[in-house]
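Input: structures, listed below.
In the two assemblies presented below, chain A is common to both, partnered first by chain B and then by chain C.
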Partner chain A sequence: MKALKRRTGQVLFALAVLALLIYTIFPFYIAIVTSLQGGEGSFYLPQDFDFGNYVSVFREQPFFLNILNSALVSFGTVAISLLIAVTASYALARVHFRGRTTLLLTVLGVSMFPQVAVLSGMFELVRLLGLYNNLGSLVLSYTVFSLPFSVWILTTFMRGIPKDLEEAAIVDGATPWQIITRIFMPVLWPALVTTGLLAFIGAWNEFMFAITFILSNEQRTVPVAISMISGGSQYEMPWGPIMAASVIVTVPLILLVLVFQRKIVEGLTAGAVKG
Partner chain B sequence: MSSIEFVKLEKVYKGLSDFCAVKGVDLQINEGEFVVFVGPSGCGKSTLLRMIAGLEDISGGELYFGDRCVNDLSPKERGIGMVFQSYALYPHMSVFDNMAFGLTLEKGSRETIKEKVEEVARILQIDHLLDRKPKALSGGQRQRVAIGRAIVRQPNVFLFDEPLSNLDASLRVQMRIEITKLHQRLKTTSIYVTHDQVEAMTMADKIVVLNQGRIMQVGSPLQIYNEPANTFVAGFMGSPTMNFIDVEAKDDQLSLRNGQASRSFPMPFHYSGQATLGIRPEHIELQPQADAIPVETRICVVEHLGNETLLYLTTDLCEQPLVVAVSGETSPEIGSALSIYLPLERCHLFDARGDAVRRQGKVTVS
Partner chain C sequence: MDISTVSGPQARTLPVSRSPRGAQQGKKTTGLSGFSRQRIRTAWLFLLPMILGLACVAGWPLLRTFYLGFTDSSLSNLDGANFIGFENYLVYDQGEWYGILADSLWWRAVGNTVYITLLSVSLETVLGVLVALILHAKFPGRGLVRAAILIPWAIPTVVSAKMWGWMLHDQYGVINDLLMSLHLISSPVAWTVNPDTVLGTIVAVDVWKTTPFMALLTLAALQMLPKDCYEAARVDGIHPIKVFFKVTLPLIKPALVVAVVFRMLDALRIFDLIYILTSNSEDTMSISIYARQQLIDFQQVGYGSAASTLVFLLVFGLTLGYIFATRLKFDGSGDH
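Entry: the complex of A and B
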């Protein structure tokens, strides 16, 4: 009786897991299947394996250049926002100064504005700096949006680092910069990877700024380039090429996560300050 | 190595309401001395130590290393080595890198760094652990690494902030002895903060007793034990704590509040007025003595510690029970009467403000 009960429990659990899996994977499944079909429209079941869509994506627009642009913008955003976020959060977490809490709350408040609200202001800024139709404009605006979040997370993590650790380094003769780079960053490695990854994904997938600030095909980033893929006629969506392009640009993200996932685990287990 | 001098050192923590954690501390520490700061929690020991280290700003007064004022120098420029209570080892570095960190920042050559670290590791018997991460070490080993990290740079002054309080009792004793041996070997001026009076008594050349940001007494361990300067030191140092009895002193006569009738004894102190008589539990005698105050008591609690037995005795002399330490073999009965004798030789007298009254020549009870 008891065994039966446990058995049903296990089966139900397995079903629940299966349902969840299907629910999360289904859209990706459709994307992959569609990208491999020759014809139009989307498909539920694979009918043939045809890489034609993948070839056409690269033939009909400078898609390779678009990927390169996206990579450039995303890595640039990650590098700049991590650099600023680490130094800012060191100050916010460790240096006592007046208005610290206010500043931290302002940082959080800024991140709550919807993108559209800053779009026009940002546009002025971009024009002022002469960055219109330049990838720099995207790095600038993405950094603005990823910074509050990164600063907030890193500040929280940095507060968690025991003060003794920093003081031990001071006694050892380390400058603030050396403390950040030689002690805090290695200790904060998992947090850095997480925030960096989120900033990267945000920049990689961003659409609105990308379509507003960039005019020429050669400067476009991937999301805009995909949206510009056109079909045989005005009235049909070229699902095949769109899905193929989407699959192509998602692969780097998945690889990135997989590579860093191991690092994240390593970082977490390297810790243990005391006890 | 250097001597240290504090001149009217002060520390005020600014905040909503300013808090004065160290109040005008004057102290002279000689070269090569092992000085222990003790005091109850929150008395300002760590604050004082961190001011010496340069981790805490000095709000007032001057701090000298040798004859150099170091008020505005960084910890590195002061040349100190510090061992933290939490060890504070860099978790991502191996033991070797932990110890070498300070030296690498000074940009020493690889060979000399390796040589120095390995020598210190040998002294501390951690040379087989150099490749490990702190995570893979026991508490005692971590403590050794922390000490190694402090001594490898050959600082002028060693600072220890309760370094042993995270260790278990037996390891604590062992590390205590090792730190003492290390000091005898290196002879570096050391300041050691603890609230464990056994550590203070056993390790110190000089004990500094602190309370509420002030120095209560400075002296050798035996001076502190035998001649406490005030009731605070008398009560803080020594375990179990000293017994205090309210008395009235007049014309070298001591009157005890003894029920209705009060009895007087001649005393070896020259003092008149309200006073407190102090006597340590281990100095109270059970056999009749010459020159001793006899007291009738009743046993209320018995604590067997093995090597000795503590008796808590109710008397009509004071509210608190008197504590007496007797040898471990005796097994007295709770509730029974007991006569005890307080040898005047061993008594301390404190005036109304709690300061010790100096002892006069020998006096005999008539």
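Entry: the complex of A and C
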């Protein structure tokens, strides 16, 4: 009797896991099936393996350029925000000074801005700097939104590094810069990977600034490019190519998630669980 | 690296040329010694790029948005704007009220945003805790399942909106097909067009995309719980559901509250999903969409900036209200 009860429990649990998997994966499955379809309509099983939609994505618009733009903007954002965040978070985590908590809270506050609240001011700034319709405008605006959580996560990580390591270096006369580059960096690189990943995903996915600051097809990033794929009229959306483009953009992200799952989760929780 | 020499006893006697003042006499002296003063100066130097960057690219644009909200500036005439006080917000002219606060569309957008936020965040929290409980159990392939639920979170919102838009298509969509073959609906539903279903549809897609975030944060909290009280409950033969409500839930509540704050902030500024799924429909307009439409599509920078300012105030006000209501402490100085 007890064994039966346990057995039922296991089956129910397995069903729950299965339902969860179907819930998360099913849309991707449909997207892949649709992208391989020549004709109209949706099917549950691939009828034929036609890569025509994939070819047309690259032929109808500069999709390769769009991917390149997205990559450039994302890597640029990651590099700049990590560079600024490492020194800032060293100071915030390791040096006691007046106003430290206020500063940290202000930084956290910036990451909570609704993007639209800075849109008109940012638009002005972008035009002033001559960055309108230039990828630089996106690096600039994305860095502002990735910097705060980079600083927040790195500060959390740096607090965890034992003090002795740093004190030994100070006694030996190492400058703060040497402490960061020679002692902290080797210990810190997992945190850097985590932070970098989150900043990368954020920049890769951003839409509002990208659709506002960029005008020409050749300068567009991937999310905007996908949103712009359209047919003859509002009622004839080319779903095949749209799904093909969606699959192309999703594959690298799936790989990132599979490889760095643990790191991403670490970053997400380091940013939020404390407090 | 020459740090290793410190550990040797002879290190103390060696002349250290690069040594900061005061380090030799023991750096733990009270008050602000020359050393710690220098250290603080260096700290500010290290903070300078961040502070300058945030001040110029976040603080300044925010202030400009506030200011532009008090002008009649337009996209074609950004410089020659006149200061018009609160006219963008509310003005009484020849027996009629004008301005954002008198615009029924704005209030509709506020209603939509609050509705979507409340429904979406509560559903996500419940679902997220359920998913976290599943992932907290040990079973073969757990790592893969955990990676799988991260994927909806990682993909661009534009992509998830397009995928769901296709699945919810009134003629060719999978959802209608499935529901009709299950005899749950008798004729196809235009999920993203019908005013009765569209807000619910947006919430459903948002829940699909953001439940992983809640689940993973909850899972992290679950993994930090002490194991012994569960042992005790098991020995006493207390029902698992009772254990969950009496032990687990109160213990993970602080983490849940923080996760809800993050999600709330996100949901209140919802833009991409609605923009792609239902474009400019008034039925689904959120406050972010309203403000951006005034700013960019209608080119009324002054009016749009005023709306943006209201978005900012609304999001901050609601969040602060929630933080105070739950007595959440954001303590920046907390140590591990």
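Just so we're on the same page, the second predicted complex is superposed on the first by the 243 of 275 C-alpha atoms of A that agree within 3 Å, B and C clash if a C-alpha of one lies under 4 Å from a C-alpha of the other, contacts with A are read in each partner's own complex, and residues count from 1 in each chain.
Assume contacts are C-beta pairs under 8 Å (C-beta built on N, C-alpha and C of every residue); 3 or more make two chains touch, one makes a residue touch a chain.
All values reported here derive from a predicted model rather than from experimental measurement.
Peer 1: Have a look at where A:164 lands relative to chain B and chain C in the superposition and call it first, second, both or neither.
Peer 2: So A:164 only meets chain B here.
Peer 1: Comparing chain B against chain C, which has contacts with more of the residues in chain A?
Peer 2: C
Peer 1: Looking at the overlay, what does A:176 touch: chain B (first), chain C (second), both, or neither?
Peer 2: In the superposition, A:176 contacts chain C only.
Peer 1: Identify the partner contact of A:104: answer first if only chain B is touched, second if only chain C is, both if each is, neither if none is.
Peer 2: A:104 contacts chain C only, not chain B.
Peer 1: Mind working out whether A:186 is in touch with chain B, chain C, both or neither, as first, second, both or neither?
Peer 2: First partner only, chain B.
Peer 1: Overlap the chain B and chain C contact sets on chain A and report the shared residues.
Peer 2: In chain A, positions 167-174, 182-183, 269, 272-275 sit in both the chain B and chain C interfaces.
Peer 1: Using the touch definition up top, name the residues of chain B that touch chain A in the complex.
Peer 2: 53, 55, 74-76, 80-82, 84-93, 101-102, 105-106, 133-135, 149-150, 153, 166
Peer 1: Give the list of chain C residues in touch with chain A in this complex.
Peer 2: Chain C residues touching chain A: 1-3, 5-7, 11, 16-20, 23, 27, 39-40, 42-44, 46-47, 49-51, 53-54, 56-65, 68, 78, 131, 134, 137, 139, 143, 145-152, 154-160, 162-164, 166-167, 169, 172-174, 177, 208, 212-213, 216-217, 219-221, 224, 255, 258-259, 262, 265, 268-269, 271-272, 275-276, 287-288, 291-292, 295-296, 301, 304-305, 308-309, 311-312, 315-316, 319, 328-336.
Peer 1: What part of chain A is in contact with chain C in the complex they form?
Peer 2: Going by the criterion above, the answer is residues 13-14, 16-17, 20-21, 23-25, 27-28, 30-31, 34, 40-42, 44, 84-85, 87-88, 90-92, 94-95, 97, 100-105, 107-108, 110, 112-125, 127, 140-141, 143-144, 147-148, 151, 156, 159-160, 167-176, 182-183, 201, 204-205, 207-208, 212, 222-224, 226-227, 239, 242-243, 246, 249-250, 253-254, 256-258, 261, 264-265, 268-269, 272-275.
Peer 1: Would you mind writing out the residues of chain A in touch with chain B in their complex?
Peer 2: Going by the criterion above, the answer is residues 162, 164-165, 167-174, 178, 182-183, 186-187, 189, 269-275.
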